[in-house]
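The structures considered in this document are given below.
Each of the next two complexes has subunit A plus one more chain, namely subunit B in the first and subunit C in the second.
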Partner chain A sequence: MQRIGVFVCWCGSNIAGTVDVKQVAKALESEPGVVFSTDYQYMCSKSGQDMIKDAVRDHRLTGIVVCSCSPRMHEATFRKTASAAGLNPYMVEIANVREQCSWVHKDIIIGTQKAIILGRAAVAKVNLNAPLTPGESPVTKRALVIGGGIAGIQTALDIADAGFEVDIVEKKPTIGGKMAQLDKTFPTLDCAACILTPKMVDAAQHEKIRIFSYSEVSSVGGFVGNFTVSIRKKARYVNEDICTGCGACVDKCPMKKVPNEFNLGMDNRRAIYIPFAQAVPKVATIDPNACNMLKNGKCGVCAKVCTAGAIDYTQKDEYIEEKYGAIVVATGFDPISLDKFDEYAYNNSKDVITSLEFERLTNAAGPTQGKLLRPSDGKHPEKIVFVQCVGSRCSSCSEKGKEYCSKICCMYTAKHAMLTRDKYPDTEVYVFYIDVRTPGKSFDEFYRRAVEDYGVKYIKGSVGKIVPEGEKLVVQGSDLLNNRQVVIDADLVVLAAAIEPDKSARPLATMLTASMDTNDFFTEAHPKLRPVESPTAGVFLSGACQGPKDIPETVSQASAAAAKVIGLLSKDKLVGNPCVASSDELMCNGCSSCERVCPYGAITYEDKEFRMPDRTVRVRRVAKVNPAVCQGCGCCTVACPSGAMDLRGFKNDQIMAEVDAICK
Partner chain B sequence: MQVNEYKPLIVAFCCNWCSYAGADLAGNNRADYPAEVKIIRVPCSCRVNPTFVLKAFQRGADGVIICGCHPGDCHYTSGNYYTRRRMAMLFSMLDYLGIERERTRLEWVSAAEGAKFAATMRDFVQKVAALGENKRLEDLRCKK
Partner chain C sequence: MNSNKLCLEIIRMSGTDPKKCMACGKCSATCPAYKEMEYHPHQFVSMIKNGEIAPLMESESIYRCLTCFACVERCPRGVEPAKLIEATRLAVVRQQGKNRVTPDSIPALLDEDIPQQALVSAFRKYTK
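Presenting the complex of A and B:
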């Protein structure tokens, strides 16, 4: 029999205002097992906690019930108190009489009655509580960063600088991500490559960082501190260790008409290629869908010209299994597909381009060497129209676009408009906008410079239709401030397409059991207080995979995620959750029902010897739960047909006792 | 307050990560709902064994509601999908036994939906109250 102490908190007037705490304490005094019952103004305060400690000692308590605020608030506090008083921390139960009683019920009689019932249920549960000891698990002091954009690179560099080994997995042949495609960056207009490529080189040369480029995560197992990740190194048909990146193979490759994805298909690359001059690792990759040798065995030019002998047409995908303590997701974003936006004629005219394509057009390393030329005829555009919020803030058109604001478009459009006017002052530049959103350091000043110093014409209103007519693009839009319709015969139209999470994020989230919101952005453990952690322990978020972000924000979040990872990896062992499933071997009949429903693969089977009453030994197959892997959902307990499986801390008889107490 | 007004007894099983937090949020926002609702915290809605529901009805509960995370949002990835299937089965069996459909409910309430929690509870209590006491499954030996 337990010796239970009941402590009813007033929480100032928060509880005492609508619950007669004295009456609650008195009523619970006569419950089975209760030997002591009292009330106090603030149980969570030091004197309140001392009161609990004293009572544990004076009344030799074995269990504690605190009638107070939500266990989500102070369960940990009172468990620590119990622990300090020499009691097992899991002998504490909280009756939630604030959030779920005093705050929602105005009548003191009703509130008091309900508080007594909730207290009674907690007492009934504590009567059946058993001391629990959390298991400890070691921490593999290595981190995995998925995605090699600026977010992934920054996170990896910060973790590596703290002395831990980091692996970066990047699906493309080079790291660098979207930032490598950009020309200049707002609001300072420094060139993206000048600030990114040194970081890429730093990452490649760091002794603690390994880069798996052209690789993908194929499976994730394990749990915080002990992840096992299988990485698929896609065959690039070039031996990375031997290739010097000289580019001789690229020059000689006869397959010249492969759309270059780095320039968004605006020019061509060869079947064997290096994405861009500063690629890291700078090694060639063969595109198996374009290479004649790989498709029908006729060619082999690259192998002939490669003096290093790096070409290997027989290369196969390679699977590498690695162990990590923490995983950082940095999968980034992509512009949305504009296939559903027929009104903007994106698919009908070469001169309607996205902002990312515009970035490549103005980039010195781009298809036009930085000259702003129309993709259709290579002429210089005299009139450019920028359309903002293409697919962003689509509250009424969510089947086409996204409901959220993509956050970066206002600023990069101002940048594009400004740079265009700066390079080509004779060009007329119009921007159609819903609102201009510039909340950031030096952002609004930047936008005003575009309008005031560079004479960019901003028109508040949306574009209804873009019709290609001859060489021109007729842009029909509305000017809300002047209350009139406008028609502009533009030479080039740039659409600020909304951004969405990378397509690889959803399957990755499933592998990591990390949750996502309806837009496939990863959700954070807490939107304000734990913004760089996923709710799944050991999984951290960096960059635009968590929500639209510009570069400064991405870098700050990347460093924040790194700090969290470093905090985790500096621990020698992790204390687990003791509220896990356990199986009664004597009752288990080895049917595998529990194994099938377990989302974590925590249940395995083993053959165990049982000594029978007639002194013979029988071998039976029984379930065994790995407490380090089990997360304590309890799904198996319901699936178990024989009742052998139970969940510590929420045992069948404990919940039954609560039901009984409530229905008394 | 009326004397002897019929008050149904409602047992609510709430998952720790979404619905229990939603109930806490209802409290934080002082969103009023009937005191007849008594919440039992479970780690996941899939922890709710059908026997708990049967036990509640046996013990004289007039309605049982199970609240979990929205589909796709389960903290344990797939627990609420199991709940959905199990409870569909259980509720239809209970209906066959004479426990009306309105006495049982499965609802998805996220940690952000305090208002939905309160509204759901108000609605549920009202529906159950309209049905009156649960006589079908009650074990009279449990009555004092």
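Presenting the complex of A and C:
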């Protein structure tokens, strides 16, 4: 028989406000096995924990029930307390009387009744608990970073500087991400290339960093400390090791009319291309959809001009398998498609552009060499209208836009407006805004400068429609402060399109079994206290793939993720979770039901010899769980038709005892 | 009926939720009848939310709205201002004697240029 101690927490007034904690402690005192029961203001505090330790000693407790907040909050805390008091940590059960009781009930009588029932269930379970010992697994001391934007680069550099090997997998031919496309960056207006390209070079030259550009992750197996990842290196038809990046092939390639994605289709590139001058790696790539040689065998010019002999039209995709201890997701964001927003005429006029296109139009390395010219006729625009919140902050039922605020657009719009007025003071610049959201160090000051020092005209209101008329764009908007409708005949309209996670993030999350929110941003393990970890052990989050972020925030999060990875890789061994499934070989009939439902691929089968009562030997197929891979989700225990599968720490009889205690 | 109660009734009739409005003004930015209206679509939303119905019911704006539903189509928050305007108009029309168009007045309105369809629809919109 167990000797159980019950500890009821008030959580200040969080629990005690709607649950009579004294009555709960009193009621649980008479439950079978309970030898001690008490209550206290904050059980998780040092004095609360000391109280538990003292009780274990004084009352020779063998099991503990804490009636408190969710086990997700403090189960680990109380398990440590139990360990310190000499108890097996798995002899602790938490009855969640906060999230599942006091917070959802208003009536103290009902709340108290329910708390007693939850406590009773926990006591019934502890009566059947057995001490458990977790296994250990080794740690592969190498990290994988998926995505080579500023987030991925910073994370990789920090991990590598700590002495661990890092691989970056980037799907585009070069690392750099969106920041490589930007012109100047708020709030200090330093040029993006000047601060980014040195970091790209550092990453390329770091002896601990390998960059797999033009590559994608094709499968992920294993678990924290021991991931096995398959990387698909897409054929670029150029031998990376030999190519010097001289660009001779690009100059001679006759396919000149391929839309240049780096400049968002505002100019053209060749079929063989290097995305931009500072690309890392600076290696040419052949676009198989545009190259004549690859499509129909007619051309081969680049191979003729390449003195290094780097061109290889027969190159195939290559698969590399590598082991990692930790994986960092840094897949970033993209502006949303504006196809559904007919009112802005984005698809009808070349002079309605997105803010990212504006970055390229003002970038010295962009399609106009940094001169702000209208895409339609190359004239200098005299009147520019910026529209904020395009597709952001829509209602949840909207089929066009996103519900969240994209966070970065107020600031970059102020930047665009200010820089335009700075360089072309005779340009009239209007910004339509709903709210100007500029929290952040030196951010509001920045926006005020745009208004006060640069004379940007901010209009509180939205744009209802934009109609191209001759050379002009007729912008009809509301000016709410002056209670009027305004019409502006603009030369250029810039739309601050909402941002969304990269489209490849969802399939990647499935491979990683990492969770996402409804917008496909990766979810963090805890929104406040564990913001750079995914709930999946060993998977970390860096940059805009977790939510809209500017560069300062991206870099902070990138370094934070690196610190977490370094912490993990510094360990030689990881302590596993002992609450894993195991099957009773005598009852298992090898039906495969459990294997089909296991989301982690932890179950395999083996043929085993069994000695029968009549002394014959029979070979039977039975399930075997890999405890290092099993996450203890329990799907298999429910699926098993013969009741052979059971979960340690959550055995069927323990669960039934809880149910019986609740229904008593 | 007091003003607050009437507003709640109008909200119920319209099936909209003015609390969802974020005051962006896109409805009024879109509205082709803006200049004809004393109160603009976003003001209908905001005033009805605040229980100020009397000025709206007295205003000609409820007859100036074209029911083109441009504001409904464009509102990023799914508020559907035109439905509130329509409901306000209905509230006026439903009060005895407030029919804006009566059968007797129709012959006088008939002329070559007005499509009959417009009269039929005006009759439907502005009459109990």
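As a working rule, the second predicted complex is superposed on the first by the 550 of 664 C-alpha atoms of A that agree within 3 Å, B and C clash if a C-alpha of one lies under 4 Å from a C-alpha of the other, contacts with A are read in each partner's own complex, and residues count from 1 in each chain.
Heads up, the rule we're going with is that contacts are C-beta pairs under 8 Å (C-beta built on N, C-alpha and C of every residue); 3 or more make two chains touch, one makes a residue touch a chain.
In this text, all values refer to a predicted model and were calculated from it rather than measured experimentally.
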Which of subunit B and subunit C A:Gly325 touches, first, second, both or neither: neither
First, second, both or neither for A:Gly48, with subunit B first and subunit C second: neither
Touched partner set for A:Lys465, first subunit B, second subunit C, both or neither: second
Which of subunit B and subunit C A:Pro599 touches, first, second, both or neither: first
Touching partner for A:Ser398 - first (subunit B), second (subunit C), both, neither: second
Partner chain(s) touched by A:Pro381 [first = subunit B, second = subunit C, both, neither]: neither
Most subunit A residues touched (candidates subunit B, subunit C): B
Touched partner set for A:Ser515, first subunit B, second subunit C, both or neither: first
Which superposed partner A:Cys663 touches (first subunit B, second subunit C, both, neither): first
Interfacial residue positions of subunit A with respect to subunit C in the complex: 343, 389, 393-395, 397-398, 401, 434, 460-465, 476-478, 480, 483, 485
Footprint of subunit A on subunit C - complex, ascending: 20, 22-31, 34-35, 40, 42, 70, 74, 76-79
Residue ranges of subunit B in contact with subunit A within the complex: 1, 9, 11, 16-17, 20-21, 23-28, 30-33, 35, 38-44, 46-52, 55-56, 59-61, 72-73, 75-79, 82, 86, 118, 142
Parts of subunit A lying in touch with subunit B, wherever the complex brings them together: 70-72, 96, 98-101, 103-107, 109-111, 113-114, 117-118, 121, 513, 515-516, 535, 579, 597, 599-600, 631-635, 637-639, 647, 650, 652, 655-656, 658-660, 662-664
